[in-house]
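There are structures below to look over.
Each of the two complexes below includes chain A, the first together with chain B, the second together with chain C.
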Partner chain A sequence: MKELSLNILDITENSVKAGAALTSILVDEEGNTLKLTIEDNGSGMSEEVLKGVTDPFYTTRTTRKVGMGLPLLKLAAEQTGGYMTVQSKTREADPEDHGTKVEALFYQDSIDFTPLGDVVSTICTLIQGHPDTDFYFRHKIRKPDKDVLVEMDTRQIREVLDGVPLNEYEVIKWIEEYLNEQYTGPHDTE
Partner chain B sequence: MKSLAELQKIKARMQDKVVLREGSGDVRVVVGMATCGIAAGARPVLNEFVKDVNEENLSDKVTVSQTGCIGICQYEPVVEIFEAGKEKVTYVKMTADKAKEVVEKHLKGGQVVEQYTIGAYQS
Partner chain C sequence: MKVSDLLNNGFLEITLPDGDREIDGVYIGDLLSWVMGRASQDNAWITIMSNINVIAVATLADTACVILAEDVDLPEDVKAQAEIKDINVLKSPLPIYETAVRLHELLS
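Here is the complex of A and B:
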């Protein structure tokens, strides 16, 4: 993947497919690290599936239902000196608190760090394709020269829209600008 | 700054429109968005279709949606166009520029852009 934001899009698609009502995408940049957390309340994975998801070559069985998404993210993290972990609980194991949490740490000063890229486009693409699913996105940058907090919650947007689908073009465009403005700041104050 | 009040206005405008639009969507544009598609560049292709279909006022008859792996990963990004009463058209190795052209010629003009279809690549 050319951008981490594409890995985010790919991994979050798994959450949606797992029936998650809500998926949180958190990006925290501090010092020279970037931590990515994707957490959903979907159906979760059994221990056996979980073992296989991070390594597509773990076994030769042909019945596998998992793909290359997580191995690619793991590689992207590890090649910077970081790591990726996956925790999951199935609905059967815990009907109250189930889902999957993927956490990946990247070192941004590594020559092999993949830039985050257009994360706003990723969020808009997710909402366009899955207007009935909720997404919470938060991007925090805490650096000496940069202090940014970008946040979006489709539950709040959904409440305002009152039945109008979230993937209406004007709504998607509003969300895109809403996020972009949080990155660049309002234009009229500078 | 974008405000929720502005979103309220969009809602008011859309609520009328949504009613008008019921029963439409004769043409479906489906973009493959699995790992293979995303890695090959499907995100800008999808976004170009969404943008052009809406800005060319085709959204009453054309819906743009996403799907998983179509099974021909080597041809990604893959876009399928379904139209009632017509054979499915499969566009392969798409880019945002090609998407723009497909909207213009195929969706607006009714002419399949043969050189981007899977048939052109296989023959």
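Here is the complex of A and C:
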């Protein structure tokens, strides 16, 4: 993928399909690394399934022979000298604490590093497509020339909205502006 | 033109489980997710990538063969997977552009 945000979209869709009520998307940029963590409380995967997830010929979909989301994320991370790990616990194994955690580390100074891209659009697309599940997004940048913290939690937004669906156009627009403002600082409006 | 016909024309066999397959057109690309959505069925796909995901993308896009340019080799485990999945893989000592030009001459 030309942007990591497209990988994020792909992996998070898996979380939603696994029945996750909450999916957290964490991006941590520090020094010369970018760490991406996608963690959900969905149904989780058995050890056997887990072993196969980075094999491109493994898939949970019946319509195609290979599932490429995790193999491509792993490749993108490894191309920069980084890594990807996947941990998972099934609901059967632990009814109180189940789900999947994908962690990928990228070295941003590698020539093969894929830029993060438009992560705000990705978050908005996810909320629009899945208004009934919750997403927590946090992007931290700790660099000598840049110190940014962007945060969004649909559970909080949902509380304020008091029944208005999250995929209403005005709501999505507001979330988009809310995120963009945290990146750039507030703008004066007329 | 069949994939196996390339062998006497400057291309070397890595594995050819389905050599009788006809080639229709050429696609070039190294960003696998991009190639996955754009390479057409029966294309000869030229790339310098050689990991296991290449075989998966060739399976999904149903290309006629993968051609590794610049004398890139296929790791043994990837070659084994290509054989299992009936994916033809050849290689060319030429850079990508010259490989494509050579294919163009042969296909037209």
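We adopt the following convention: the second predicted complex is superposed on the first by the 177 of 190 C-alpha atoms of A that agree within 3 Å, B and C clash if a C-alpha of one lies under 4 Å from a C-alpha of the other, contacts with A are read in each partner's own complex, and residues count from 1 in each chain.
Here, a contact is a pair of C-beta atoms (placed from the backbone, for glycine too) under 8 Å apart; a residue touches a chain by one contact, two chains touch by 3 or more.
Because the structure is predicted, anything quoted here is derived from the model rather than measured.
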Dominant toucher of chain A (residue count), chain B or chain C = B
Looking at the overlay, what does A:Val171 touch: chain B (first), chain C (second), both, or neither?
-> first
Touching A:Met1 in the superposition: chain B (first), chain C (second), both, neither?
-> both
Partner chain in contact with A:Leu72 - chain B first, chain C second, else both or neither | both
Chain A positions within both the chain B interface and the chain C interface are 1, 6, 68, 72
Which residues, counting only chain A, touch chain B once they are in their complex?
-> 1, 6, 9-10, 13, 17, 67-69, 72, 121-122, 124-125, 128-129, 156-157, 160-165, 168-172, 174, 177-178, 181, 186
In the complex, the residues of chain A that touch chain C are 1-2, 6, 55-57, 64-66, 68, 71-72, 75
Which of the residues in chain B come into contact with chain A in the complex?
-> 1-2, 4, 6-8, 10-11, 13-15, 18, 33-35, 38-39, 43-44, 46-47, 50-51, 54, 59, 64-66, 68-69
Tell me, which parts of chain C touch chain A in their complex?
-> 31-34, 36, 51-53, 55-57, 59-60, 81, 85
